[in-house]
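A, B, C and D label the chains in the order they appear, each numbered from 1.
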Amino acid sequence: MNTVNPYLPMEAEVVERIQETPTIVTLRLRLTCADARHRFYCAPGQFNMLYLHGVGEVPISIKSGPQHFLDQTLLLDHTIRAVGRVTRALVRLQPGDRLGVRGPYGRGWPLDKAHGKDVHIITGGLGCAPAVSVVHELMRQRSQYGHISVVQGVKHCDDLIWREQYEHWAKQPDTQVLLAADQPDARWRWHTGMVTGLLDQLTLAPHRSLAMLCGPEPMMRASAERLIELGLSPDNIWLSMERNMQCAVGHCGHCQFGADFVCKDGPVFNYPAVRELLGTRGF
Amino acid sequence: MKAPDLRPSIAVHKFSSCDGCQLAFLNLGEDLLALTQRVRIRHFLEAGLDDPDAEVDIAFVEGSLSTPDEIARIRRVRASARYLVSIGACATAGGLQALRNLDDTHDAWRDAIYASPEFIATLAHARPIADEVRVDFELWGCPINSRQLLAAVSALLAGVPPIDQRDKVCLECKRTQQVCVMVTEGKPCLGPVTRTGCGALCPAFGRDCYGCYGPADNPNTASLARRFAGLGLLPDAIARRFLMINSAAPAFHEAGLIARSQGESQGESDE
Amino acid sequence: MSDTRRIRIDVPALTRVEGEGSLKLRIEEGRIEQLQLSIFEPPRYFEKFLEGRSWREVPDIVARICGICPVAYQMSAVQALEQAFGVTPSPWVQRMRRLFYCGEWLQSHALHIHLLALPDYLGFDSAIAMAQDYPEAVQRGLRLQALGNDLIRLFGGRSVHPVGARVGGFHHAPAADRVAALIPRLEAARQDAFELTQWCAGLPMPEDSETFISVALRHPDDYALCSGRLMSSSGLSLSADEWDQHFREFHAPHSTALWALLDEQPYLVGPLARLNLNSDHLPPPVADSLARTGIRFPSSNMFHSMLARALEIELALHDALALCREYHLPERSHEPVTPKAGVGYGMTEAPRGLLWHRYETDDDGCIRSARIVPPTSQNQARIEQNLAASLKRFGLEHDDDALRLHCEKVIRNYDPCISCATHFLTLDVTR
Amino acid sequence: METPAFLPADRLQALLELLTDDGYRCVGPRIRDGAVLYQTLDDADQLPRGVQVQQSPGRYRLEQTDSPRRFAWANGPQALKPLTFAPHEELWVGELQADGSLIFHDAVRQAEPVAVIGVRACDLAALSLQEQHFLQAAPDPYFRERRRQLLLIAVHCTHPSDTCFCAHTGDGPEARTGFDLSLYETDTGYFVTAGSPAGERLLARLPLEPGDAGRFDTACDEVHAAAARQTRDLPTGNLQADLFARLDHPRWQEVAERCLSCGNCTQVCPTCFCHSEQEVPDISGTRSSHQRQWDSCFSPGHSYIHGITLRQDTASRYRQWLTHKFGSWHSQYGRSGCVGCGRCIAWCPVGIDPTEELHAICTEVKAT
């Protein structure tokens, strides 16, 4: 049916609910139709539209990496921050509850271009959600890539989710993990301040590096510009954007960013494509 | 023993008003019965339910605050409601009766009508509910309609706040494929500064919108007032356009007073 | 039960009336010492807002006096302004006004009978509770009410504060197919209405006869709605501008409200008064329906008000059907209006009774002064008179709850619309 | 071109009858509420004989002339857009079952066949742009179904308004593609050409007469003269680059003083495609309808992302409209999003004329 009506959701069931912080919840979803599970394939960086009955639909990145799709169980992890109408209600769902899912949509991270390169993943706040899947993928195919750095900044240290995950990655060979919090507590043993303050600590070989950015726009812009100063070519910087989305298939017009539709031309963009407008008020 | 009633409870309260907004409940037709399956109505005088101080999940409040007694009463309503929704122009902006706020004419009007004005304890101003207590959501319109009401109730029953509809009447006017009365007939339509929700009724009836849903998001009243002047309206007539059902809503209030003062200064220069 | 009992009944908030009012009853030594219907709707000063407003705005402003009978306010107002400006509405407009008005009678009466009054007779405190045991009756009421609302929408877009009426006629003539679409529904509703009349006639009603004066419009050709002369059962026949010769409003010292009296007497307006004066003008099918009930009008039993409402529902459906069947698009939906200075009067039959307006305009058609006498303030004196008499007949020895219910039943016969009344009614009169 | 055959004016009804026989609902220009609107047409006599239209910024008036022509008007507020992209429609329904599971129902239905008579060249061009938008990557089934059932009979325009500039955008006044049949109107009848196999088949069944070459030339000349009468134009050059190079131009603020951000311009524009979606649950809570409706870049929701409306002020909304329609559209669909119909000029309540704004913004000599 989905091929006929691109707006029609598929039914999914919440199989697990993980409370990450008081406002952030990861929902592990299973499409209830076996056929839909077989057909579903997505790349890191893509997103789904999650539909809550009677309430509405919102775009949420797919956190699970492709390894989840290889087996028949296909579980879709979505990490959601409760900010408004739909998300506040979504995070209240419990195992067994049903919702609608359509997707995957958009263009994910440029894994092909990252092949053989050092990859720096720089995220801020919940920007880590769309990036986690790509880290998983890099780790799964570890030998295909050079140095990997994972840089994450949060406002308050309690906002940091997936701490063990970062600690686990930090122990991997040739992998650097840098964390920053604007407001640390006594136990915080990482950097204090903005993510951009960490960029100088990167093991950066500009000519063979590719950076993937996700987070608030000012943070992405500052990071990208800093990376360029550090010698990275703008072409090797990629970032993931967010705009209002109603349809996710390029029809509703809401997600336009200049000439691009974030839903289908993005959400992951090459930096030069958005550099001009990023930060221009009103776009 | 009876099973406990787990339905969310609601109350409908009335303050200074014409009762028209509560009718959005009584005019629901079959949906009224469906609604009573899902919620327990604790207080709604017009429907025969009288328990004003019952603790409720949602209190709907119609009418403006215009007497000292009403001020005391709204505080009680607030205290006993988890979520308070003000319904209609009276409750959200003071309504038509807020016209008495304009020039502090209340006392003069009262004295003109009542033989024993000293017995009449009304306030000089008719004010919106949110002036006195915290309001969780406002449904604009004079009157609100059942469609808006159902949308708000459904959202709340789903555990989410209702959607605040702030677009302009013009959008709905075009969606319903009406012909613009300002462009074809030069009628001074308030659609371009007024909130949608009514379904663009006035243009559908060949007349100019009179702003009963209150100001929309980002209303450019100054430009519209200039346009009205271009259509031949005198400042006083422009002022009356803005100072009608929602005269106390800030955007309309201000636009009306500006037009009025232009009328006065013109009047002076005429002399 | 002893005669020396002191009874004090406070019904702090009257339920199932439009607007809010309260009743105070004090009985001492078997005598009614105090009986006061007070209305705590704050004044809203409509007559004053109208001053300085353009004639174009009047229908939109007066509609807001009452959300339940806005059509009535609009119709009395446009009639008055047309008189002031010397505009004669076309026959099409006059017919369509009747159709529009039929919608309001239908919705208001259906609402009153089913949601407000019937629970009294069937022993429920609300229609919501009643719906459990009498689902068909409640649904029938909601259907009739919805149909009335749709008739109003035809000309006004919405049933509360409709936007279609203007001085001279209507802003817009409805498309013929929309009118035609209502015909089958009106036809189907007639059976509902007939059954409703018979059902109402069969309900156990108190035998409660007393003499009172009925006041209503009367027209030589039909059951008067928005035309005709003002008649009374005491033999009066007046035009609207003669109102002040016989009617007087005053701020009664023992009451909280302005009252209207006819030659210093309380009087009744509303469905029962209309039927008492106009039963000879019921169209044959409605007259047959009435004949089958075995009840005769004029009636001196106030509890026949509900039956009168049911019959007026039948009448409204009958007339609406005829008007819809002969509907055609007019050349224009309103007469051109040239405002001028003048005085005009309007009177029409609101669902709750006669509604009288008077306006004085200036050269530009702006309102210099306005006076509005709504039905509820006219019935005010009559309600108290009726309460006192009816309670005595009922027997003051009944227990508090029974007395309270009886009072409420009596009051609800008038379907008092307190919102309408309020621009005349005071609040918190203390002495 | 070979001289097309001729349909005498009094036989136009035959065309309507053929279409009705073929199961079409005929839609054509009719007068309602002071404008030319596409409405159901039962009889050729319902067409607006002799009606012409005066349009200028913020103003639209009909004018009755004694011309016998039925297509002598310039366009009304509607294009073909509402016929393919409905202003408001249900997309699907979600139903909550007693066991907590959800079932989704499609709302795509078989569209009714509709034949539109009197289509303008600008609107055909706009339709083809909307086809590009809605029928590419993820075809919209609602649009597609309605489009499939649409038969289009164009009438080449001979009476452009003051607001029209289709000659400049290259989209009119002569309809070149996208129609099934096309008519060249003269006082006595129509020269008929076919533009599709369906049009050919229809043409073969019409009670036509052989066309007179000289009179056909005159008819064509009228269309060319109509083009020459148009006065408005867009700045030449690369508008996309020019607009995006002037995002800080003071003119945006000036126009914002006048603009009501009412969205009328986008609603009447035959190419604007923005829409929003909403959920309309029923009161029982089990059935919820997912709907979409026309939206506009002038509405607050258009640029909302949690907590902020990116385009709060009118200047940025107006700039979004112009930079998209006349600028980034080029990247998206290979051409400007404007077909020169002039509707946004006439139907703007305060008479803002985008062509004038574009000139002010793009053609001024940049101070160095």
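FYI, contacts are C-beta pairs under 8 Å (C-beta built on N, C-alpha and C of every residue); 3 or more make two chains touch, one makes a residue touch a chain.
Fair warning: this is a prediction, and the values are worked out from it, not measured in the lab.
> Is the C-beta contact count larger for A-B or for B-D?
Pair with the higher count of C-beta contacts: B-D.
> Compute the distance, rounded to whole Å, between the mean C-alpha positions of subunit A and subunit B.
43
> Find the geometric centre of each of subunit A and subunit C from their Cα atoms only, then give the gap between the two centres in Å, rounded to an integer.
That gives a centre separation of 65 Å.
> Averaging over Cα atoms per chain, report the distance between subunit C and subunit D in Å.
That pair's centroid distance is 50 Å.
> Between subunit B and subunit D, what is the separation of their C-alpha centroids in Å?
Centre-to-centre distance between subunit B and subunit D: 37 Å.
> Touching at least two other chains at once: which residues of subunit B meet that condition?
154, 158, 163, 206
> For subunit C, write out the residues touching at least two other chains, lowest number first.
As it turns out, subunit C has no residue touching two or more other chains.
> Can you list the subunit A residues in contact with two or more other chains?
53-55
> Between which chains is there touch?
Every pair of chains meeting the touch criterion: A-B, A-D, B-C, B-D.
> Could you list, by residue number, the parts of subunit A that touch subunit B in their complex?
Where subunit A meets subunit B, its residues are 52-55, 85-86, 88-89, 92.
> Considering only the defined contacts, which subunit B positions touch subunit C in the complex?
For subunit B paired with subunit C, touching residues are 14, 16-24, 26-27, 29-30, 32-33, 36, 41, 45-50, 52, 66-67, 69-70, 95-97, 99-100, 105-106, 109-110, 112-116, 119-122, 126, 142-143, 145, 198-199, 201-202, 204-207, 210, 212, 237, 240, 244-245.
> Spell out the residues on subunit B that touch subunit A in their complex, using ranges where they run on.
Where subunit B meets subunit A, its residues are 154-155, 158-161, 163.
> Would you mind writing out the residues of subunit D in touch with subunit A in their complex?
91-92, 94, 96, 100-104, 106, 108, 133-134, 136-141, 240, 244, 247, 273-279, 281, 285, 288, 290, 292, 295, 297, 301-307, 310-311, 313, 315-316, 319-320, 323-324, 327-328, 330-332
> Quick check on the complex: what are the subunit A residues that touch subunit D?
Interface residues on the subunit A side: 1, 4-11, 32, 51, 53-57, 83-84, 96-100, 242-244, 246-247, 249-254, 256, 258-259, 261, 264, 276, 280-283.
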